[in-house]
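The following pair of complexes shares a single chain, chain A, combined with chain B in the former and chain C in the latter.
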Partner chain A sequence: MNQDGQNQDGPSQGGQDEPWVSELQGRCPEWLRGEGPAADVVLSSRVRLARNLAGMAFTPRASQDDSELVMTRVRAQLEQLGTDRLSIDLRGCPKERGRLLVERQLISAALLAGRQRQAKGDANQDPRGVVTWLGDERLAVMINEEDHIRIQSLRSGFDLPSALRSADEIDDAIEATLDYAFHPRLGYLTACPTNVGTGARFSVMLHLPALAITGDLERAKRAAHDMALAVRGFYGEGTESAGDFFQLSNQTTLGRSEGMLLDEMALEIVPQIIEYERESRRKLMNTQRVLLEDRVHRALGTARSARLLSSEEAMKLLGLIRLGVVLRVIDDVALPTVHGLMLAVQPAHLSLAHGGELESGDRRAARATLMRDRMKSKGAG
Partner chain B sequence: MSDVPDKCAHCTKDKVFHDLKVLPDNTVVEKHACEDCAAEQGFVPLQVGVPAKPTSEKAGTTARACPECGLTFAQFKRVGRLGCPACYEAFERQLTGILDRSQEGGTHHVGKIPRRLLRERTSGTGEPGESLETLLGGAKHRAERLKALGEQLRKAVEQEQYEQAARIRDQIRTASQLAGGGSSADEPGAKA
Partner chain C sequence: MNQDGQNQDGPSQGGQDEPWVSELQGRCPEWLRGEGPAADVVLSSRVRLARNLAGMAFTPRASQDDSELVMTRVRAQLEQLGTDRLSIDLRGCPKERGRLLVERQLISAALLAGRQRQAKGDANQDPRGVVTWLGDERLAVMINEEDHIRIQSLRSGFDLPSALRSADEIDDAIEATLDYAFHPRLGYLTACPTNVGTGARFSVMLHLPALAITGDLERAKRAAHDMALAVRGFYGEGTESAGDFFQLSNQTTLGRSEGMLLDEMALEIVPQIIEYERESRRKLMNTQRVLLEDRVHRALGTARSARLLSSEEAMKLLGLIRLGVVLRVIDDVALPTVHGLMLAVQPAHLSLAHGGELESGDRRAARATLMRDRMKSKGAG
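Here is the complex of A and B:
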């Protein structure tokens, strides 16, 4: 299904009856599939490429017309790629619907907010959008973020190489007719000099609950910092890491190729942290089994009985339950149930599932109800 | 002051690019030519697709503002974002320190080159190796890259990560072909 037709009539996009809202809600995005290499510790792998069109101001200094032109050219180029394409214009998009895309990690919170352009006026009218592909949401192209083009490619589990391959393919497809701003010495030019060069950022989303329980998490985080990696929470910069989910990403983009950066993460740094977490899990299972079972079953008990839950508490519970499921300490909850809830308990997903009508107080009650329903013991049913 | 000509040095077109070429002995030749003439002679536009604007009329202020978008370095420091691709040239000197800090000493791009650009540059009249070299930086950086790749290959084999090892070997092959093409000219004895 190609929804571009619905997206050609300007600011009405993202309106009340957008089919993409329900279209997305019923599906599991790639990064929550729970498959792929080292899926016990690594939720997902992500590659992001920053690109800008040659001869045009970067988004922060672009005029409304410039941004409009970037949007038209990039969308036209992407129109030729693949089926089930979903192209969303974020102008005038109601915030709750936009937040759905942020929660699914298809766009950044900054893109939703607008005001990438340093111009006066209504930020929500800044030309900006995203193109993704329905079904798995493995690929997303943000348009007019701080850079004109940000390609994001995701894989479930620890699989940076194939995420890079897909990002590369779409990059080539865009460059087939559009000229990129490229400099022989500095490589791909970006609005922020910290991205110049490859414009590539490799990230993995790790689940490190055992390190948190044994108290070794800070050491692991410091080690990552020492190896020049950035450590962020579940939803990126400045967010809490409720549930012990962490994003690790490279910060260097100049002087080393994509392959070198990828191999550094894929061969050296991340495997060490995976091993560290697994070792902690083994230690807990072998020498502190009661402590582990207590933590995990308390979480499950709360999930099955709470009447009010904040999204942060829900994520904390789900993190511990996930650990219990992976270690088979919990045997009556399936991993896809846990992963599905990680998205369903987020504010916009929850509200939109209730027709977008929930106040924050009602939201906590609805979240707890959802949790109880889905966590019902199979035996008890 | 250096006045940038607004006519091509080789023909009469007035859409002029600021072009550069790295010779085998690593000296850099700069000239102002139109896109066609530059490609013909194996020059690479410093700013792909961005014509250099004549700057002579405001020679006194050009050091502080980007000639393309007008951003000043003070403005950049305030917002942390550059205004346009040409800013990288305009603030080259001031950016060096920032890049040094944020890029762990990396100064030259190593990695992907836009595919179409690469094709256009390699199918031109010049030797393929020469155009590639212009795009990929000097021999020294390729040697550094080869060394780092060799180290990674060793580790991959050690850890029995054979799929990754194979990929690294491919990268080494590509990199060493380029290094080989340039290195004969780089050796002092080779030309004499």
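Here is the complex of A and C:
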């Protein structure tokens, strides 16, 4: 199935008339399946490559025509790749659908807002889009974000090497016909100097609830900072860390090879934090089991009872329930249920499932209803 | 069955070797049955009469021999009344059993501590005791509290007149053989001037959760203060109002007849507050039903899930659950279950049910276990 969601559907808000909207909603992306190495602590691994086309101004300085040309060329090239391809022009894409893509981490909030080009005008009309593959949502290519091309590759669990391999394949496929801006000494050129070089950013989404309970979380975060890693929440830059989910990423790529960056993350820093969290979990299970059970079961009890839930509280509850499921303190909830809810409780997911925009109060009620329904005891335990 | 719990059982702590201990624990006292007038808002009504024997120093100034004599005379008189009588000498009564009586509101914490006589010595050895009737715990007579005799009469719901009738009967029965300290102009003489006159205090235990939710509680409390009423928590003087339970009592009795005091409480002040709370409940049900359901079901969810519970949190949860049951927002919990737990979650009740003193951490675990067990869904709803 080849789908194209671009610009054919007028200004109607939030409807489910595009098949990809309901298709995305009905499914848990591969990176949230709770599989792969160290899946007890690492939710997902992500590789992002920043690329720009040779001989054209970077997005912030580009003219509308330049950006249009970038968009046309990159899409044309990507649309030859694979089946089940979803290519979306974000101009004219109804707001709730765009937000759905942000919530599923297929595009950045910045790309949706359209603030990339510095030239004046209706930012929303700036040429920008995304190409992804519906099968598993492991790959997405943003066009005309801060860089002309941003390839994103996701994997569940702690598996940066596989994520990098997929990203490299797309990278090669694009480079087969399009020239990248590349400097023999500096490497790939990017709009922001911190990305110059490999243009690669490696991230892992960690779940660190035991460190949060034992009070050692701040120490772990400081250690990550000291190793020049950025620490963000579940929804990326500037978001709170509700649920004790943390995204760790390398900050600069200049002067180091992809291999060096990868090794640092995959072999040194992240394994240490994983071990630190596991040790805390063991300590909790051995010496404060009742305290742990109390926290976890209260969260499940609230998830099964509340009639109004904010997005932040929902994530908090899901984080604790996830800990309980992983440690087998909770035995009647499945991990994919928890992970699926991490997306489904978000505003655009809720609105689109409901069939139209929801007021904030109604959204809190709809979120609580969804949570109760999906968290219903399966009769075990 | 005539039982006498005095002083025969040595210093052993907390055991259940006395039949009355397990008998009290296994039962909900009449005043917590949730019956009677206005039982949706009024938990119970209480009348207390303060009396002193003529020609003997008030307790604070009494010698040990005087207090001994008061104790002997009053007990002798009371022990002729009714069957199922429980007469306890608090000297030598194991601490946990004494606390059980306090938690059931059969004696005051001050009487248990033995701080009444101002003479130096081992306060715990001061002669003091209580006589009650096991059948329903509606009557209790404390001996050598601040006054020689304090008669307490309890009723479930809003029924001060019945409570007064029962208190008067005991009062008459004592006066049949013992002379009270009485002044023709002042009335009954008491250790504290605020009780001089009728020696009567009328109290009602109100449940005001809707006023607490709507934020109008402070206004209601100020109004009660302005009408010279004392406002206390569930456990009397100096206790917090966890669960939104409030005890309202008249403060002075001098210069007013029993009938005047009774009418003021029974016909004016309390009915107004009852109506105020009912109005708030209606408002919540009509305009903020989801908010109400959220609060109430969260409380029930936590009660059914927590593994550790403090006494204060337990009362808070029970208060909200009680509101849910009364308003039929919760349909699978019975009111007597809620009321029974209000006693059963208290420290001495927990320790004695456990068969021995509990550490604070173990007590919180035992409280949570008890709460979960009794709150189990009956499958309704």
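In the analysis below, the second predicted complex is superposed on the first by the 365 of 381 C-alpha atoms of A that agree within 3 Å, B and C clash if a C-alpha of one lies under 4 Å from a C-alpha of the other, contacts with A are read in each partner's own complex, and residues count from 1 in each chain.
We adopt the following convention: contacts are C-beta pairs under 8 Å (C-beta built on N, C-alpha and C of every residue); 3 or more make two chains touch, one makes a residue touch a chain.
The structure displayed is predicted, hence computed values, not measured ones.
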Since both structures carry chain A, what do chain B and chain C do when superposed there: clash or fit?
fit
Taking the superposition as given, does A:L300 touch the first partner, chain B, the second, chain C, both, or neither?
second
Look at the residues of chain A and decide whether chain B or chain C touches more of them.
B
Touching partner for A:Q64 - first (chain B), second (chain C), both, neither:
neither
Just to be sure I read the superposition right, which of the two partners does A:L186 touch: chain B = first, chain C = second, or both, or neither?
first
Using the touch definition from the top, say if A:L267 reaches chain B (first), chain C (second), both or neither.
first
Which holds for A:T72: it touches chain B only (first), chain C only (second), both, or neither?
neither
In the superposed arrangement, does A:S377 touch chain B (first), chain C (second), both or neither?
neither
Report for A:S22: first if it touches chain B alone, second if chain C alone, otherwise both or neither.
neither
Once superposed, minimum distance in angstrom between C-alpha atoms of chain B and those of chain C?
40
Of all residues in chain C, those that touch chain A in their complex:
290-291, 293-294, 297-298, 300-302, 304-308, 361, 365, 368
In their complex, what parts of chain A are in touch with chain B?
52, 54-58, 60-61, 118, 146, 161, 168, 171-172, 175-176, 179-189, 191-194, 196-198, 200, 228, 251-260, 263-264, 266-268, 271
In the complex, chain B touches chain A at residues 20, 44, 46-51, 68-69, 71, 79-85, 88, 95, 98-99, 102-117, 134-135, 137, 145, 148-149, 152, 155-156, 159, 161, 163-164, 167-168, 171
